[in-house]
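Two complexes, one shared chain (chain A), two partners (chain B, chain C).
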Partner chain A sequence: MMQRTQFIDPGRCIGCQACVAACRECDSHRGRSMIHLDYIDVGRSVASMPTVCMHCEDPIAPCAEVCPADAVLVTADGVVQEAAKERCIGCANCVHACPFGVPKIDFEEKLQYKCNLCYDRTSVGLAPWCATVCPTGAIFYGTLEELLAQRPNAVVSDIVVFGEQEIHTGVAIVAPSGYARDWIPGGLP
Partner chain B sequence: MTERHELPIVAPGIDDFAREGAGPAGGWEAPERPQVRLVPTHCCFCGVQCGMFLKVDAHGRVFGVEARDHDINRMRLCPKGVVAYQQVNHPDRLLRPLMRDRRGDPLRPVSWDVALDRIADEIRRIQDAYGRDAFGVIGGASLTNEKAYLIGKFARVALRTRHVDYNGRLCMVSAAAANKKAFGIDRAANPWADLLEAQVILLAGANVGETFPVATQYFWEARDRGARLVVVDPRETPVARTADVHVPIRPGTDAALFNGLLHVIVREGLVDEAFVRDHTTGWEGVRDTVASYPPERVAEICGVDARRVEEVALLWGRAERAMALHARGLEHHVQGVDNCLAVINLVLATGQLGRPGAGYGTITGQGNGQGGREHGQKADMLPGLRDIENPEHRAIVAERWGIDEAELPRAGTSFVEMMEQMRAGQIRGVIGFCNNPLVSLPNLSRIEAAYEALEFHAQADFFLSETAERADVVLPSAVWAEDEGTTTNAEGRVVKHNRAADPPGEARPDWWIMRQIAERLGAGRWFAFESPREIFDDLRDTSRGGIADYAGITYEKIERTGGVFWPCPTPDHPGTPRLFEDLRSAFPDGRFRFHAVEWREPAEPADEDFPLRLTTGRTVAHFLSGNQTRRIGALVEQTPRPWVEVHPSLGFASGDPVRVVTRRGSATYPALVTDTIRPDTVFIPYHWSGRVAANRMTVDALDPVSKIPEFKVCACRVERGDEIDPLSPPPIPPGRMPQPFEAEPAGDARPPTAPQGRGTSER
Partner chain C sequence: MSALRRSTEDAAAPRGLDVAASAAGVAAALVTLAAIYLGSRRLRDFDAALIGYATATVFLAFGVVYRYVVWVQSPPARRYLVRGWGSFLSWRNFRDFPTLVPRELFSNLAFQTFIAKRGAGRWLAHQALFWGVTLATLITFPLTFGWIRFDVVPPGSRYAMYLGGVRTITFAPLTWLGWMIFHALDVAAVLVLIGCTYFLWRRFRDREATTGQRLGFDFFPLVALVAISVTGLLLTFDSALLDGQDYAFLAIVHMAVVVLTLVFIPFGKFFHVIQRPASVGVDVYKRTGLEREGVFHCRRCGAPVESAAFVRDLERTMQELGLRFGEWVETCPRCKRTQRGERYLEQVKRGFS
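Our next item is the complex of A and B:
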């Protein structure tokens, strides 16, 4: 995971969508929200979970690897940037390559948009919008040490496994306390 | 929508942004940073009162929000808080006074002079013909302390009517009455930071995750430190979902549950005998009463497992430090006061008071739910939480106001009772500020008849509410960001809202409106205020020596400290974050009062014809009567319409049209079928108006003490409906076009994905 990064803790999420609203306030894409907020196990639970860009480290940024226009760049700090507007052709390859379904396409503009860890904020020492406003700390921004100082029992993983494929991510996930594995199942058998 | 589905190459869940909610007026364009000014203030919505900055451009236009590291919320905001600023330049804003000469005529713009002269003439005419009490004033608890204080003074000094009350009557009055009976003071006993020290937290009838989202963090942080969380709620709410114990009681059975908890605590010898002996009175009566509430009987009444009752009682009884908090779920009942007293009995019997991590509180709903009830817009109260029927209190306030005590009216009647009097012709004219009874009061057809019967009705608001739409005169007021003033949050902490912009058009703050009317009634000298600061100084002086003593609180002190907890009697007093540290109540003998409480059936128990229990409440994207939030694109997009929440055992599928019928009305909603609600209970959120207003069906039975309506339970039945009832778009001033998202999207009557709204892939 990145040194200073986001930690997603679905156990704390209340599904209020403050993250979705705050994402629209970002100066780099005002009016557009990059966050996916899903209600899971609908009809049996009020559980919910936000999905932000996981900033994949290994394999590095599948969205960038499949980009035919070399529009998706990864900065030295590990942040997978959104597609450069002057290069992006809106082909949606990145959407299909992303294990987490993160990038969005504006079909009119033929441009990709995605979470860039609020680079305008994080590059000057602020937290991303979503982690700033999240009422419950379900999206936390900081270092692992800072997280554990506040939540001593947190179990953290930055490995997501889809079938045979293991992905090491720049953003980490908090598992329920007592969770025994060091990886998170991605959903495939 | 169909176009989106014609793009099969794209996986579901990625959006082309076409359906992103409408943003702020003037679009999403933002000026470059150097031109931006940040104004520190707080949110206008709930009782948490989160700090925030409003972003203002070089032309003085509010165009955005920025996080503020305030003590209360540490930069956090809920979805309503993030978009609150979009009200400021909203195209639906009322910009000029509106008037109609006769009912049925359309509203037309008029000058302030014409509107104010008409109001003053009607007040004089009605009071001359029918007596002073024939004209009523109705306030609201989203008003600042300054405005709430002025409402009471305006009614009693300018109109000299006893009929003044406010919409807090729908909110915290049960807790307020119980606090006064048990503690002699009406305020949450602890700051929320105390939650972090608690070992056990008991949360009853409070859907914190949706109604006070930012307060959730206090509960989660307490759990990070090892606290156990117990949630009492008929629905599995977002905070109940992961709670250590969720007790899903049948609506209307809270008093039985809390008596049962105390029963087990007595049986197990977990009563704090020393505390009870040294600091309380009335224990024997309570002990004898709870003896007849064994867990088996409680389980039967509440519809829960008796083992849950035992488990919660032992958790609470064995904790060194425990806190109990509740909200409307416990309070909106004909035995709302008794329910609160039953919780307080538990707190007192175990001595959980006056320490970090040990305490009790109600979570006030509206932004100024606490302050709004302290300074005299409540029918029976004078500023400083004084009683209007107490001769000493009357004399003090009359002297501070410079009026003859004999001229100060006596106690009036409550909000819902005023509606009865309006229908009966005892109240012939009303002026309302900051309320929307035609959505928010129970049994709406009777409320409509009450307003219909009035000879004259004036209403001040910044959007044309369902209530303002029917008024004879509509006065355009300022939103919170266009005025300054203080509010008192759910902890009893006084914070300050700052002015970020000028009101648009001819809109004016409510205090200016009251001053103009008072002048026309010949009472101008009591209202010669040029600014909220002058009103606050008047409030401070009037509250001096009262229970809610604000005398030592100044604007500067609030800005320096991040909020001051009352009582704060002198300028050098630091305020009082935690009450009862000396284990003394506010009664002269210093003792806390037990009150024995028997559980009673709700006003309308389920029966053969109406076998289910209807309960109403809020959803996270909307606030109260929805007059503000139903106009903000992002919130409408998240939760466009109401639904009925039913258990799968009732045999419906999500999206089915389901007709809900009570003795007072019926409406057809899309079903949201979920395991997270009791099989004998159905839920409807109440933020919408017209045919789908939940309050068409609720019962207007009142608690005999607090006069709070029983919004949280009445008898109903559900049946398969034909067509889902359409939404009524929010009213707009004459000559304006509705926002595209305000009208229901054609053919889209789907329920939300979950009670919190539609997921981002479901829009």
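Our next item is the complex of A and C:
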């Protein structure tokens, strides 16, 4: 987990779409929203879940590993950047290899876009847009200590398991108090 | 759970000298040397004043081929190299889709229409930069290799251009054609300066470009191109208006800037020039794959994912990389997220309780 990072708590998400609207303000992908807000069990539940880039650390993000053009760079602070514009060939390997379903692709531009932790803001000490506008704290930005100061009983995990593979992430997921495992299921049946 | 974690050693370990890449690089350097030697008629047409450029090009050949061979050894690049060239050179593809490759070469490499989709200004600037650099490359390399030379045709009113020792065209120096031939590099420099001016402006003012930009990777190439163009134009300025009084000094400065830029090509942003043609092969591979094998549909919702060949190949690539969730490729990104949400609801949050 990165020292100052996002903490995603799907249990707090009310599906208001504020994060989706605010994400469009990010300078690195102006006018396009990179956050995903999915309604999980439509018709039976109001559950919704935001998905940002998890900035995988294990040992290199899968999107970067499968890139044939070395276009996905990881900066020293652990942020997995969106594809370098001069290198990306628009093959979509990253789109389909990402276990979290994060990257998007514009085939006409031959360019991948993805959440880059609002690098224009976080690199100068500001919080990402989504965390700034989230009314319920489903997306929190700060250190683990700052999160626990506000939510002392929260359980935090930076390990997501997909079948036989665990992925360590730079962004953390919050579980309710009493959650016994140190990992979160990734959804792969 | 740590047993499920992949080793970080492979990714973190610094690479030693790559033997195969070194061998390929040395072979490329030797081929370049042989091409210079033979093309200049055993150095008879070689201009010793330009030896710095030729030497840098030999190092450039080594560096570019070394990096290329290292690059294509990674599983995803190797797979696309094989698939891309296979599709590009396929007689069956040419027969079934005769216009596909020419269209790709035209739109993707020559006119880079995908950049126009990113912004008209960026496209115009990149076109100016691209054609300027292409023109300069087509002139400079043959000239510094001694493949092309110019000589006076007796009694002295016309010039002749020799290619590999063979006389090609003759022209009067004070005509429009003569001016264009002797100032083609100036035209190239102006085109490059137009492109660089826009991109430098963007690097200072456009927050999309300034986010995460790096001095060595993003600024240095532009500064190098500006330095080459300005020092090149100064040579013309000096000879035209200052009677060439500082020409020797300016020529050395220009050569030093060009040499430094040439040997930098394999290491930085300029390498995208070598990588970009891969997109043609990938496009041909994906489009012909879609036509022949059809689309693969998401296992969960039935939405189209990609071509069946793409899905199969990406699963293999992930397997080779040690990513043990390759079958996840068969699920569309939205269903991946939704299923993760379902597991969170069932196993982590356990409903609203």
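Please note the rule applied: the second predicted complex is superposed on the first by the 187 of 189 C-alpha atoms of A that agree within 3 Å, B and C clash if a C-alpha of one lies under 4 Å from a C-alpha of the other, contacts with A are read in each partner's own complex, and residues count from 1 in each chain.
In this section, a residue touches a chain if its C-beta (ideal position, glycine included) is under 8 Å from a C-beta of that chain, and two chains touch if they have at least 3 such contacts.
Nothing here was measured: the structure is a model prediction, and the numbers come from that model.
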By the touch definition at the top of the document, which applies to A:A92: first (chain B), second (chain C), both, or neither? both
Is A:V161 touching anything from chain B or chain C once the two structures are fitted on A? First, second, both or neither. second
Look at A:F7 in the shared chain and tell me whether it touches chain B only, chain C only, both, or neither; answer first, second, both or neither. neither
Please work out whether A:Y119 is in contact with chain B alone, chain C alone, both, or neither, and reply first, second, both or neither. second
Partner chain(s) touched by A:W183 [first = chain B, second = chain C, both, neither]: second
Going by the touch definition up top, name the partner, chain B or chain C, that contacts more of chain A. C
Mind working out whether A:S45 is in touch with chain B, chain C, both or neither, as first, second, both or neither? both
With the two structures laid over each other on chain A, which partner does A:D58 touch: chain B (first), chain C (second), both, or neither? second
Would you check which partner chain A:D106 touches, where first means chain B only, second means chain C only, and both and neither mean what they say? both
Looking at the overlay, does A:D27 come into contact with chain B only (first), chain C only (second), both, or neither? both
Going by the contact definition given at the top, which residues of chain A touch chain B in one complex and chain C in the other? 11, 27, 30, 36, 38, 45, 47-48, 92, 95-96, 101, 103, 106, 108
Going by the contact rule set out above, which residues of chain B touch chain A in the complex? 7, 9-11, 13-18, 20, 23, 27-30, 64-65, 67, 75-79, 81-83, 209-210, 213-214, 216-217, 220-221, 224, 236-239, 241-242, 620-621, 634, 638, 648, 654, 673-676, 753-757, 759-761
Chain C - residues contacting chain A, complex: 1, 4-8, 10-12, 71, 74, 76-77, 79-80, 108, 114, 117-118, 207-208, 210-212, 269, 272, 275-276, 278-279, 282, 286, 305-306, 310-311, 314, 317-318, 321, 323-325, 327-329, 332-345, 347-350
Which stretch or stretches of chain A touch chain C in the complex? 10-11, 27-30, 36, 38, 40-41, 45, 47-49, 51, 58-60, 62, 65-70, 75, 81, 85-87, 89-93, 95-103, 106, 108-111, 116, 119-120, 123, 159-166, 168, 173, 175-176, 179, 182-189
Under the definition above, what is the set of chain A residues touching chain B in their complex? 11-18, 20-22, 24-25, 27, 30-33, 35-39, 42-48, 92, 95-96, 101, 103-108, 113, 127, 132-137, 150-153
